[in-house]
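Each of the next two complexes has subunit A plus one more chain, namely subunit B in the first and subunit C in the second.
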Partner chain A sequence: MNLMADIILNVMVAFLFGSILLGFHRKVMARVQLRPGPPIIQHFLHSLKFFFKETGIPRTSSMPFYISITVILCSIWVAAVIIGPVNHGSLLLLFAIYAVYKIVEHNSGSSSGSPYGKMSCVRAVFSASSELPLFAIIAIIYLQVGSMNIGSIVAYQDINGPLIFKLPLVAIVLFILILSKSPYSPFGITKGKDIISGYETEHFGLLRGYIMLSESISWYILSWVFLTIFFGNLSFLSYTIGMLVIAFLIGLINATTPILNPNHSVMSQISIAILGFVGSLLLMFVVF
Partner chain B sequence: MSENVYLIYLISFIIGSIGGLLFSYKQHGEVFIYNKIDILALIIAIVGWILLINFNFLIFILNPIISISIGLFLIAFVIGMRPGYGRYETFLAIVISALIYGLSSLLL
Partner chain C sequence: MRTLVKYGYLLFVISTGFILYSLLFNPVAWIVYTIAIVFIPLFILSFGLITMAKPKKDEEEGRVQEPFIGY
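Our next item is the complex of A and B:
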């Protein structure tokens, strides 16, 4: 297939499926809390709605950064689709994309001029210091497989079986990373409800549409990366079931867990990352 | 699995959900009171789940891509109804279509 068509198709699939998964996640949370909850396609409808709403720009915003940051946010997750599902490229590049995403989150808050945005911007730095060590666990995958390339990791699993059985602690750590990215997450300090919507608070209309679009794509990509590096080459049905299971589990956790304060959130995530890292090394070199 | 087919399935699911939501808001404008099974929604759900789960047995009549797409559209039409509606119908339809799948697998 033509590369450009492949990219467009994958981005559309990532957006549509990602928004359905986020809707499903919200539905699970609602059912756990004994509410009917919105329809599953609510996140998708919200995203569309924002694209047609009037876009307001606050006087205190830092232009043109305020506008361009949403486009950058969207672009980096489109780049993640190209590196992940389209090219089966390097995990290291996805790590770099996640690092840039944390910087964009920080700048999105600071560019709005809102105190909530600024508070979120400070928290984004905290959360980067805890989420990036979580993602750094991919170093263990390199030690096991000998490559950071997703294609090579899939090929390795075709011969040696799914990595989840060899590196269960790495899987838990990456699951925590997905959990920290989810809406209403216990680790979601940048969008905690004590600061309204955090860095998104002052982005309206089309700009919010871009943010929601990138949220859907990022959710799909993180789930895809998790399933691909721990279960190998899966069929369409297996990916669908896997992503639904991830969304269900995270919805269950989010519905029953309060949002931690920034200090606790950061320390919990760093502790999990250290335990996962050291535990995985022990499992690799001592137990197996 | 080609992304084209994946996209067709997703679009049919989303269109079905939006259709179901609009349809149920037209049918039920009142506050949510639910004490009976909607026969129309039940029939739509049963047809949808049969098409989705039993597409292998319908391969002589329908291309699997078409049957799965129509099935997803009909399933989403009932699942996507106004919150609270369509749950029992979906559950019954899954049971019936699973029974049909089981019987067909035994007989064929």
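Our next item is the complex of A and C:
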């Protein structure tokens, strides 16, 4: 297949799947809280709807940064689609993309000039200090497999079985990372409701739809990475079921857990990362 | 806002051109990656700039240069 056609197809699949999964996640949360909740396709419809809404630019925003930061957000997740599903490239590059994503969160908040955005941009720095150690757990995968390349990790699992049975603590830590990225997450301090919508507060209309599109892609990519590095080469159906299970579990957790305050959130995530890292090393070198 | 819409049309033409170029002529991988990372997001943004609802002429100043309210 033509490379560009492959990339466009994967970006479209990522957006469609990601937005449906986010809608499903919201539906699960609603049902747990005994509400009917919006239809599952609501997130998808909202993303498209905002492209036809009137868009204003706040006087205090820093143009053209206010708009270009949304382009950068989309660019980094398109790059993640290329590294992940298209190329089966390096996990290290995905780690770098996640690091840039935290910078984008920070800058998106500061570019609007809104105090809610600025508060969120400070919290993005906090959360980067806790989410990046969570993602750094991929070092354990390197110790086990001897490669950071997703293709090699999949090949390793074809011979030795799924990594989730060898590295369960690493799987838990990466699951916490996906949890912290989800809407209404207990660790979602950058978009906590005490600061309205955090760094997205002043991005409305077209730009909000654009951000939602990027978030749908990011949700798909994180789920895809989790399933691929812990279960290996899966069929389309297995990926679909796996992503639905992840969205369901995270919806369940988010519906029953309050949002932590920034200090608790950061300390919990760092503690989980340290426990996961040390525990995995002990499992690798002492138990197995 | 009208300037933004003009830029929207310009970006739409440029990004469509680059994407079609890599679809039709299949250049080397790194050029396709660069075009994908830069021009797919710009294509989506420019599409949005073209399709978004525009304010009426007499309301434009108040609607577009919206000051912050509520705090």
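What we mean here is this: the second predicted complex is superposed on the first by the 288 of 288 C-alpha atoms of A that agree within 3 Å, B and C clash if a C-alpha of one lies under 4 Å from a C-alpha of the other, contacts with A are read in each partner's own complex, and residues count from 1 in each chain.
One rule holds in what follows: a contact is a pair of C-beta atoms (placed from the backbone, for glycine too) under 8 Å apart; a residue touches a chain by one contact, two chains touch by 3 or more.
Please read these numbers as outputs of a predicted model, since none were measured by experiment.
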Putting subunit B and subunit C onto subunit A via the overlay, clash or fit? fit
Partner chain in contact with A:Val78 - subunit B first, subunit C second, else both or neither: second
What is the contact status of A:Ile20 with respect to subunit B (first) and subunit C (second): first, second, both, or neither? first
Can A:Met4 be said to touch subunit B (first), subunit C (second), both, or neither? second
In the superposed arrangement, does A:Met12 touch subunit B (first), subunit C (second), both or neither? first
Residues of subunit A touched: more by subunit B or subunit C? C
State whether A:Phe44 touches subunit B only (first), subunit C only (second), both chains, or neither. first
For subunit B against subunit C after superposition, the smallest C-alpha distance in Å amounts to 16
Going by the contact rule set out above, which residues of subunit A touch subunit C in the complex? 2-5, 7-8, 11, 51-60, 67, 70-71, 74-75, 78-79, 82, 113-115, 202, 205-206, 209-210, 213
Quick check on the complex: what are the subunit C residues that touch subunit A? 1, 19, 22-23, 26, 29, 32-33, 35-38, 40-42, 44-45, 47-49, 51-55, 63-68, 71
Show me the residue ranges of subunit A that touch subunit B in the complex, using the header's touch definition. 6, 9-10, 12-13, 16-17, 20, 36-41, 44-45, 235-236
Sites on subunit B touched by subunit A in the complex: 1, 3-7, 10-11, 13-14, 17-18, 21, 32, 79-84
